[in-house]
Amino acid sequence: MSKGYEVWEERQMEKGIDVERVKEKIKSFKVETPSWGYGDSGTRFKVFKQAGVPRSLFEKLEDAAQVHKYTGICPSVAIHIPWDKVDDYGEVKEFTESLGLKIGAVNPNLFQDDDYKFGSVCNANPEIRKKAVNHMLECVEIARAVDSKILSLWFADGTNYPGQGDFRDRKHWMQESLAELDAAMDDDMRMLIEYKFYEPGFYHTDIADWGMAYTFATKIGKKAQVLVDLGHHPQGTNVEHIVAFLLDEGKLGGFHFNNRKYGDDDLIVGSINPYELFLIFNELVAGACDPWTKETAENVAYMIDQSHNIEPKVPAMIRSVLNVQTAYAKALLVDRELLKERQLNGDVLGAEAVVREAFEIDVRPLLGKVREEMGLAPDPMKAYLESGYEQKKLERGIGGKGWE
Amino acid sequence: MSKGYEVWEERQMEKGIDVERVKEKIKSFKVETPSWGYGDSGTRFKVFKQAGVPRSLFEKLEDAAQVHKYTGICPSVAIHIPWDKVDDYGEVKEFTESLGLKIGAVNPNLFQDDDYKFGSVCNANPEIRKKAVNHMLECVEIARAVDSKILSLWFADGTNYPGQGDFRDRKHWMQESLAELDAAMDDDMRMLIEYKFYEPGFYHTDIADWGMAYTFATKIGKKAQVLVDLGHHPQGTNVEHIVAFLLDEGKLGGFHFNNRKYGDDDLIVGSINPYELFLIFNELVAGACDPWTKETAENVAYMIDQSHNIEPKVPAMIRSVLNVQTAYAKALLVDRELLKERQLNGDVLGAEAVVREAFEIDVRPLLGKVREEMGLAPDPMKAYLESGYEQKKLERGIGGKGWE
Amino acid sequence: MSKGYEVWEERQMEKGIDVERVKEKIKSFKVETPSWGYGDSGTRFKVFKQAGVPRSLFEKLEDAAQVHKYTGICPSVAIHIPWDKVDDYGEVKEFTESLGLKIGAVNPNLFQDDDYKFGSVCNANPEIRKKAVNHMLECVEIARAVDSKILSLWFADGTNYPGQGDFRDRKHWMQESLAELDAAMDDDMRMLIEYKFYEPGFYHTDIADWGMAYTFATKIGKKAQVLVDLGHHPQGTNVEHIVAFLLDEGKLGGFHFNNRKYGDDDLIVGSINPYELFLIFNELVAGACDPWTKETAENVAYMIDQSHNIEPKVPAMIRSVLNVQTAYAKALLVDRELLKERQLNGDVLGAEAVVREAFEIDVRPLLGKVREEMGLAPDPMKAYLESGYEQKKLERGIGGKGWE
Amino acid sequence: MSKGYEVWEERQMEKGIDVERVKEKIKSFKVETPSWGYGDSGTRFKVFKQAGVPRSLFEKLEDAAQVHKYTGICPSVAIHIPWDKVDDYGEVKEFTESLGLKIGAVNPNLFQDDDYKFGSVCNANPEIRKKAVNHMLECVEIARAVDSKILSLWFADGTNYPGQGDFRDRKHWMQESLAELDAAMDDDMRMLIEYKFYEPGFYHTDIADWGMAYTFATKIGKKAQVLVDLGHHPQGTNVEHIVAFLLDEGKLGGFHFNNRKYGDDDLIVGSINPYELFLIFNELVAGACDPWTKETAENVAYMIDQSHNIEPKVPAMIRSVLNVQTAYAKALLVDRELLKERQLNGDVLGAEAVVREAFEIDVRPLLGKVREEMGLAPDPMKAYLESGYEQKKLERGIGGKGWE
């Protein structure tokens, strides 16, 4: 590995890359993992139960701590309420800190109560809207209790048939509910508004695309931003363009990383289209270099949101985190000055080559070196699998907590 | 209604339509409803339980009998094994007949057993493949016991990640399994092989399109045909073209009717794109008029396969059946001679107008008249809702049988 | 026809429809046709030249006058600069008025000059951006000269490869160019900003979706709105939802009507998915009934934008106009009070039925009656085809003006 | 470079890769370039004319010879008739050989004659069908004259509107035409039947998917196979699955390489989704290792088919060829034994990792070494750009031959 790294470093330095700076950037890059990614999930056809799945939030946090232990870049864990509801959040905070972690985004669940059959904040019934808003306010309280600054909002609200709901009424209800939430949030909290093309609504979704999320967020003001989930777009969408656009508007709040080939498949991030993931990071790195977008770019919340239906959960999470880190590392190697020069000269092939060649670089020597310097094993997956934790987990048996 | 019908009939007869023949055709047209369409279903996010859902196959059949009672065109019911597994199929047959119904297609379930996590007939483990084949052979026995002639085969087999499975190995296992099934089937039985673009497999599906189903069916021979589910195609697919192609090849076996806007949404057939449904029936009616395809066309099995996640089940089924009947009735009104003439003359707008104008016709007067002549209420939905059955069903309570 | 209408009217009045009001609405509804829709167009593979295609703007206007003569609802014609550039716009205005027409939207062409190879207002070269802005300013002058109040802006700007352009630089250039245009426009003029998912850019398009057009328009202010072209969305997009959303924001400016099955196919509007067209009008009619959106709804510019590649141009335009009128008429028949009531009650099937049943109505008797009252032939297509104009046009020969 | 290669080779050998064998494979791998890829092309909106574009087939061949000179793997050139029609094919053959090249696939053009407005071999007019067949027979003669063994068949046949054509009539005409062609072909010739989802037909295409091409090819028999163009599928299609399926059936005949994000964008292969290209080669390499599919795999015709609308033609072609070679090289590095073992064990993450890790390898050191051993410059693009040919080409001026 060592000789490999030396040759690698030499080649980059010849190209003028400041390798030390790249390494610093990689070391400070963080990705949040979700508590629900350690539990069972599945499709509408079947949830295959895995042995060793956590039976409580505490066990989910233990699993998350393993991911952080081996990757070194996952110090925070997103929670989902009420899946992760407990009596004493002080205890959660304490336990989390004892694992070297902290709680990240708080995610209200507005889709699994029977009352939400026809929607939550967009329900035609004002009592159900009230209930939904109250649940969000409860999550603000929880966020305060666990010292989290982010509410991550996904609304499953939508309809299945033409005529079922009134688009504009529902839009107004959404805006009103978000305004109530805004009023209850502390000034240093952010709400990240997620959009989704479809599912579970199969005719319309109340926040169907980034433009709708952006419109809502803009009306709310500085506490609201948009959350981009990589699986929530129509086929063919240029996601990196949306990312750049939102960055420029100061409205890019965060990501739910995963990958998809068809619908919202929730596969391991980078597993289906690694180049797209890289191109997204290419925009994020470019944004961080530009004074106009720097502050927004540096506050983007990077979060995993996947469903490991058939693969083991902890290794799948490690793989995801490493894929994200890989894409980020490659994006750091793009020669931005040369790129800009070629863009300005109309050198189509030349500009494309600058971006593409960074992607072609094998960054495993670099990442191995960075990990070494961080006191980690160079191959986190191997280290985890050899640690025995995966076997120990089995003692928990089958039937741990899933999405419900 | 009556005056409406007279004016309607007059207008059609002016155009040279043989209205009596059209009425006869409509009277002999049948659609099969699925036992599982009366039970609870949902998305991966939530199954909203409805009150009054059947607790047994027998109650499902009672619901199906209601649909037949008011529409007059649903005398058969598809079953799903093991969801509808019972000890005594003789009893099922007897009960079904007592309701004026018969059992239609038998659907093996090859996706809900834990063993099928990595596939059923395409599983790398030969014992699981054997188990899957045995389950299909069991379904042949059940088909014999309930006097059904159709096995409807949907394989959820697929993979979630590149490299997970070997496409060609799995293809061979599929072919071998179908051959074993073929050998066990009676000569007057048919297997209908369904294809699906994706879900629950999110990287590949072993029978991903009609071409794969067709290839398997062609190798099996005369007992095998292709089953078209309207929700199982990529966006934009010209389904009526595939229908015509399969008809011409003698390999169109049947339909699973439903509708979709995005993925396999399983919405009420005709609710999202009624023109597409009409264009499909336009091909089926054309095929039935042509000696080359007549036999195939007349043996096509028309079956509903939907998930009524948020709407009441029996009314949703009635609506679906009526939408299918409406599309069929309109297709019968296409002036085929004029259409052919214009097609041969390169009269693009003229040919399009012939097809389109049949769709524009309001066939409610015609269908009302047909129902009157069949001794049915002219508005089946109204008649059902006024019958009190929907209220009576509620006595069953919440928690009837769903997909599992 | 007459008896048909009486029965039809009776049935609607039984349902409480104010038929006279519906007729008035239909009479005041207008659709604009585009000058370029009368000329040759094609695909990248081939432009099939048709005989009789106009050789000048004046002949295009003559063709447009025919469409208005028989449909009665197409008094204005959109023009495309420089395709329709002339020396003396006073002459154009006079000639147009002599035909009983007026000039509608002015469309700058920013994609056919060799300078625009890498973009127009988003070109990295400031001189080309300046040239593009100047062309838009020239169009403002032309609009004044022909008394048009609308500039219809479609930017072909985009890139073909990752890295080719800088998304955020280009966004800023777009915003700056629109601001220059805004400053030059009169207070009673509007710019309608079109968006498009892809083509001719195959990697990214600078205004790729409604959200981007909306963001630009919002920053410009009251003179800017969004233009919806029905062929410019990703597969599966719920266009009626976007329409309702933009209406609610006061930012829906107009439509380019056409239809598509795959990409931006530019087929006759309503020919592929008539139900979608109806659902869009359902939102527009609903918006016009609501004080909040009434003003926006009443100022929406309805424009055809199609490519009649293989079908005769004038009949294709008549068909398109009639399809739009049909969809509008059906939308006027939706029982909005009953719909709202059922929406508020969570009656999914009932609400859907209200919308769907209006679509099922055959409005040909109604439209025939309306035309009779407007002094038009009941069947505009038949009347046009019998008029001899189509034959007379042939004298123009082959080789009229196309897109270039 | 040299030290880089040594480290690279060492790492591969540690993993058990037979690097010499890999190098041999890469050296014998060939890609065909198309004569029309050197000429002007564009979108329906605009063809931007480039300076230096070839004015004759002979100049196209000179450009193709440059691509071969620097890449070493492009010895054959596909031609398009009548674009490349000449009086004396003997002269072409001689000239081609003098450049160290040979003529590859012959492509009949069945879409640019005015007679083909409503189709070629599927035209309702038997005289036009006859004309189309005769053109294909002419191409057989040309193939004999230039010693080509492959006819590459793309039919633009399709319709734009429902009802315009009769799907089944047209299917029969297609089959009859192919049978006539088959009868005229020599036993050692192959026809490769291309399919396409849409465009230029926007409602239906007569050979819309691989299943239709396969059905036609199967009826023709051994001389017919399927041609896969990477831009001709619906969004989301798993192309590598289709490739494996056709390989297994012995019906995979060849490729038209390019890339797409939306429709048939015809971008540089590998520029949008390099992982997909790699996964396709992964199947081809696997197929070549399997006795069952070896012969088919070894006879697959690899051809580029792109439109370089805005980028310089020769460099774009070099880039494409290198991208294909890169994907192939990475596919050769997949550890097939380990992959199979993990597939059989249900090790989802492990199997995925084997495939993915081969993709992550930077093969530039390997390819540089291979080129060195072949007597080529290690960086073909750099060598070409420094050669001065690009400047010399400019003498040809603007207005060379494009698609017409």
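Worth a mention:
Note that the chains take the letters A, B, C and D in the order they are written out, and that residue 1 is the start of every chain.
Convention: a contact is a pair of C-beta atoms (placed from the backbone, for glycine too) under 8 Å apart; a residue touches a chain by one contact, two chains touch by 3 or more.
Computed from a predicted model, the values in this text were never measured in an experiment.
Over half of the residue numbers at the chain A-chain D interface are used by both copies of the sequence.
When the interfaces C-D and A-C are ranked by how many C-beta pairs touch across them, A-C comes first. Separating the CA-averaged centres of chain A and chain C is a span of 40 Å.
Along chain C, residues 117-118, 160-162, 197-198, 203, 235-236, 238, 261-262, 271-272, 275, 310-311, 348-349, 352-353, 356 each make contact with two or more other chains. For chain C in complex with chain A, the residues that touch the partner chain are 117-118, 124-125, 160-169, 171-172, 197-198, 203-204, 208-212, 214-215, 233-238, 240-241, 244-245, 247-249, 275, 279, 282-283, 286-287, 290, 292-293, 339-340, 343-346, 348-349, 351-356.
Contact residues of chain D toward chain A in the complex are 3-4, 7, 11, 235-236, 238, 261-262, 271-276, 310-312, 315-316, 319, 326, 348-349, 352-353, 356, 359-362, 364, 381.
Remark: chain A residues 41-46, 48-49, 111-112, 114, 116-118, 156, 160-162, 197-200, 202-203, 235, 260-263, 265-268, 271-272, 309-311, 403 touch chain B in the complex.
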